[in-house]
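Okay, here's the structure, questions in a sec.
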Amino acid sequence: MRKKISFSSDYTRGAHPRILERLSETNFEQIDGYGTDEYCKSAADKIKEICACPEGDVFFLVGGTQTNQTIIDMLLKPYEGVVAAKTGHIAAHEAGAIEFSGHKVLTIGNYGQEKDTLRFGDNIGKISASELDRFIAGFYDDANHEHMVFPGAVYISHPTEYGTLYTRKELSDISAVCRKYGVPLFLDGARLGYGLMSKRSDVDIRDIAELVDVFYIGGTKVGALFGEAVVFPRGVRLSHPVPVIKQHGALLAKGWILGLMFDTLFTDNLYFDISKNAIEMADLLREGLKNKGYELFIDSPTNQQFIVVTDEKLKELDKNIRYGFWEKKDAEHTVIRLATDWATKKEDIDELMKYL
Amino acid sequence: MRKKISFSSDYTRGAHPRILERLSETNFEQIDGYGTDEYCKSAADKIKEICACPEGDVFFLVGGTQTNQTIIDMLLKPYEGVVAAKTGHIAAHEAGAIEFSGHKVLTIGNYGQEKDTLRFGDNIGKISASELDRFIAGFYDDANHEHMVFPGAVYISHPTEYGTLYTRKELSDISAVCRKYGVPLFLDGARLGYGLMSKRSDVDIRDIAELVDVFYIGGTKVGALFGEAVVFPRGVRLSHPVPVIKQHGALLAKGWILGLMFDTLFTDNLYFDISKNAIEMADLLREGLKNKGYELFIDSPTNQQFIVVTDEKLKELDKNIRYGFWEKKDAEHTVIRLATDWATKKEDIDELMKYL
Amino acid sequence: MRKKISFSSDYTRGAHPRILERLSETNFEQIDGYGTDEYCKSAADKIKEICACPEGDVFFLVGGTQTNQTIIDMLLKPYEGVVAAKTGHIAAHEAGAIEFSGHKVLTIGNYGQEKDTLRFGDNIGKISASELDRFIAGFYDDANHEHMVFPGAVYISHPTEYGTLYTRKELSDISAVCRKYGVPLFLDGARLGYGLMSKRSDVDIRDIAELVDVFYIGGTKVGALFGEAVVFPRGVRLSHPVPVIKQHGALLAKGWILGLMFDTLFTDNLYFDISKNAIEMADLLREGLKNKGYELFIDSPTNQQFIVVTDEKLKELDKNIRYGFWEKKDAEHTVIRLATDWATKKEDIDELMKYL
Amino acid sequence: MRKKISFSSDYTRGAHPRILERLSETNFEQIDGYGTDEYCKSAADKIKEICACPEGDVFFLVGGTQTNQTIIDMLLKPYEGVVAAKTGHIAAHEAGAIEFSGHKVLTIGNYGQEKDTLRFGDNIGKISASELDRFIAGFYDDANHEHMVFPGAVYISHPTEYGTLYTRKELSDISAVCRKYGVPLFLDGARLGYGLMSKRSDVDIRDIAELVDVFYIGGTKVGALFGEAVVFPRGVRLSHPVPVIKQHGALLAKGWILGLMFDTLFTDNLYFDISKNAIEMADLLREGLKNKGYELFIDSPTNQQFIVVTDEKLKELDKNIRYGFWEKKDAEHTVIRLATDWATKKEDIDELMKYL
């Protein structure tokens, strides 16, 4: 049976071929474990160079939820929680991994909700500096705040779970609020490449390194077999990050595999080039969708596109393609996600268009 | 500079070439995430066939500490702890990962200690059925046991951290004690292949599936890039294992990579064949060591060999090979570990012998 | 300096004098520890009799947050969270005690918010059966729910943190939703007596024992020095509740003090009589407030009254009485809480009225 | 039926009558909650005066396990555990409360074990400075220590669970080891009064305040209804202890009850006087036991006495007195505990002697 082409997510394929090549080339080298090797060092150096943070610390973890849980546990004191958008991955789709490690996710609304338009809008998935400021100020103003969970870190995702992006101004404002209150800012970059390469973005990776206290550069969704590169641009404050990572079951024995993959991605601009491909394919897809008259659920500037289709049309699509079910819009319509990635080809879009 | 040959551990190399080939072959297939794919199903089926447990559940995690933490958390009620040897990996070298998830490790002695010979002896690293029975019986006999941590699971490693093995009789006795008290038995098989292929072992994988309640088949140290195959021979009791795995940050997005690797290892007997290689190389090594008059610290029947060397000799070795430092024996002697693995070649042993 | 009369809360005084008498009478008896004594048994028997739940389990803890944390941890599996109103005590004012024990609080709106009237309304602080049903159904309908926190228990407070009450019909509907999904219902009765004695309530304690799976009868705020009586009307399901209680630091060595206090409160209807006093005093207070033209912030049928005062008036009040600051209503008005309790006297209300 | 006189423990009675009087006197005062009141302040001031630590912080919790759990959680970083004797209360009899809050108890032997005499000996229950030093040094010497649990605090009990005491020299040596490694020293003083008043002790409360970083003065077992006074002689380092206390369910709403009880105990030397009574009664008891030829299991200098009795004799005793079962010594002998307390009278000892 012919396999149907899939746009269901951006983690359906293996790795960029250059990564597989290097895994083969180095397969019988004997390398030190737990991330203490030269490949990890080389990858970290390249990332620090690109981020212009020579004093930074970079280390490599396996997956997104694991990274969010470990980083947040590193940032928070026992009586602190992490502030996030209601739609943030840590708040909604990590099976309680943050609470499992003892911390509350303090949710605030998102732009969409501020405008009373729960779902649509360019800002869905984001938090606003002003609401964040009100939230933290409100906490300290509350006479009972010692009976409440302290805001000890702020989590944002960029791109968000809805594919939306912060502007440099917005990021800078959020950063300013965080610094005003001495609260570290953590940016989940599971799809960072797709955000950085968006034609509608004015944020580059050095902006991020400058404005946030810790972020990660997603590999799982951007060309690696798996892996996330965690960057503390001004160094990790915890004296002993290794046992904390180990304690979270997140210390890969053959850590050099992660190092090697990120070293490859950050050689010859590969990470950015393949990210750009996903964006170009998404732009092509969006053009096509518009031309065919599809309603965009969100006008996403990154690799995830969300459209509204009739349930009748959906049955037809089911025969030929795979997509991500997002939600029922009403009795007769459904929102679906179509994601491009680092490996999507123009022919894939053409084929998809044929069925749409 | 020439790289020194290393016998420091069994996780210094990548993966069996057949695994890399299959990663390449399938690289651009588009596969479902989170272990719901056909490769995971195929690998699980093969493992269940080999273990003769058609009703079993098999799933794939990334690394050892992560697996120990997740499984133990699945087995225990909040007021329960896990019984383990003092030398058990979970008790000694996992940075408190079990306690991080809220459970105490209840340590009991090991054979060596029972005999008042703390370190040497064929049974080092193991627990005995009789001591386990005394421990659990003693717990329930204690009038204050509701103020103590209940023994809710038993953890053993096979091979142990010292390379030693349980006999079928010993395993069967431990299993009988566990069943007498209704306490599940968990076997850490990070190096399971090396135990099963030892010429001095009378335990096969079906014995294990029959006698324990959950175990894992180590991939990280036996031919995979990484990964551990968890087997519940009579099914997992927890209604929802997925959110528990996710909560531990242990749910790999591209879970099919794990499935593919284990499918490869359990095709055409590969896992057992490459495990056998490590054993043959270790036997060769041990013979050589004996011939050269080295004192074996433990008479290990598996791939890890421990010898005593003078510190003078050690300095010399440092120039040519890499080994695992184990411990200082006295002012002038050191115990070192020499590990073979699935990829060790006869020439490697010959080269090593030259320096020894 | 004369002490100002206080209406700031219902936990400003010691205990009903009969309790102090019995503490004196029994002071030199020698009694078994940890709640295994005859006073605890007697109190439990009386409570089971009053609740018509002969098969139930009753035990005594020290305070509200401790009780909420311990009970919820007893009810939930690791991958489950507890559903509560956003305004629920566990969600807002327990410093993250639920998350500290590893569980998420899944918040849903309350009646007020459903009606788009965030603050006012008779139903503030409550959840509705219909929203609860939508929430749980929505969870199971979500294709990704294994990546989310399972709704494993439902928490309601009665009276709520705002003094409001569920009707028998509402409680019965919520109970039906919980039973439909097999999710236990937990009722926080820190102020239970004040709810049961409200003239506007049609709920008695047997209704509660019938409709919920576990609840507690507050002592701290209703006549005891401290203490909460936990009732599992159909028995506690956990095999070993004692080590769980101990593990939460909640097992009082001299548990008989709790037993003695509740035995006293449940002798000769004392708990209900003193609760009734608070309600009569609150009714008197509300009448007086209305007569003087004060705006009731919430029309609370229990012992907590919330009114809106001008900031100018507040300064005057500060000189003579103590009240609970609730929140700023606008630039010139403040919401304050005036609470009566089991010991409030008619003269106290008269004095208060003089200053209002 | 006549109640049998009990020597089973030191928490069988209520409180010193002066405490009950003051509870009555203040019963209708209206007092601020959560330990922010004047009685707590007064008690804290008196304790700081007695301890000669004007810069210290003092607060009041309800019970021992709760206090141990809360303090240790305040002291440790996530990757740290607490070092304790194997026989320490936190290691053996708190149902895993420390592990429940995420931390490992790192056990070391005790004097007895060093001497290969597991049970007997004046030093049973204690740790030695030299073993502690070896343990911590050994940890940092271990090349793999980043995969292990860091020693982040040291827990000792004084008197120990076996009634034994540290000398000033021993305490000073342990303190020096702790300071050498920058590890805070925590002293569990659940029975502190009985230790301080022992005729065989050269340690006073100022020594303790000088040598340890945090300790508590037990009230539950020494004249209070319940309660432990926590003293950080040089101030608590955590910025926000209140939410941590709350999070552990340990923040008593009517905290002033604790303040009032400790204010009473630390007025007119009451705490020390009643502690002295227990010691005098224990000395009387020990004399009597020796005269009657009983074998002392431990030569305890405090209020707990341990003796060996034949099982035949035990049956006889059962008819007339209550004692604490400690352990079976052999097939025909049992070790029992006889505890005096603040309220034991000479006549009680005389009666007991009659039956012995």
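Things worth noting here:
To keep things simple, chains are lettered A, B, C and D as they appear, and every chain counts its residues starting from 1.
The working rule: a residue touches a chain if its C-beta (ideal position, glycine included) is under 8 Å from a C-beta of that chain, and two chains touch if they have at least 3 such contacts.
Nothing here was measured: the structure is a model prediction, and the numbers come from that model.
Of all chains, the one whose Cα centroid sits at the greatest distance from that of subunit D is A.
In terms of C-beta pairs in contact, C-D outnumbers the other of C-D and B-C. The geometric centre of subunit C is 34 Å away from that of subunit D, both derived from CA atoms. Our note on geometry: subunit B versus subunit D, Cα centroid distance of 42 Å, whole angstroms. Measuring from the averaged C-alpha position of subunit B to that of subunit C gives a distance of 51 Å.
For subunit C, the set of residues that touch two or more other chains comprises 78-79, 94-96, 100, 102, 146-149, 242-244, 246-247, 251.
Every residue of subunit C that touches subunit D in the complex is listed here, in rising order: 3, 5-6, 8-9, 11-15, 17, 20, 23-24, 26-33, 62-67, 69-70, 94-97, 100-101, 220-221, 225-226, 242-244, 246-254, 257, 322, 343. By the touch rule above, subunit B contacts subunit D in their complex via residues 78-79, 81, 92-96, 99-100, 102-105, 143-144, 146-149, 325.
Within the complex, the subunit A residues that touch subunit D are 73, 77-79, 102, 146-150, 238-240, 242-244, 246-247, 251.
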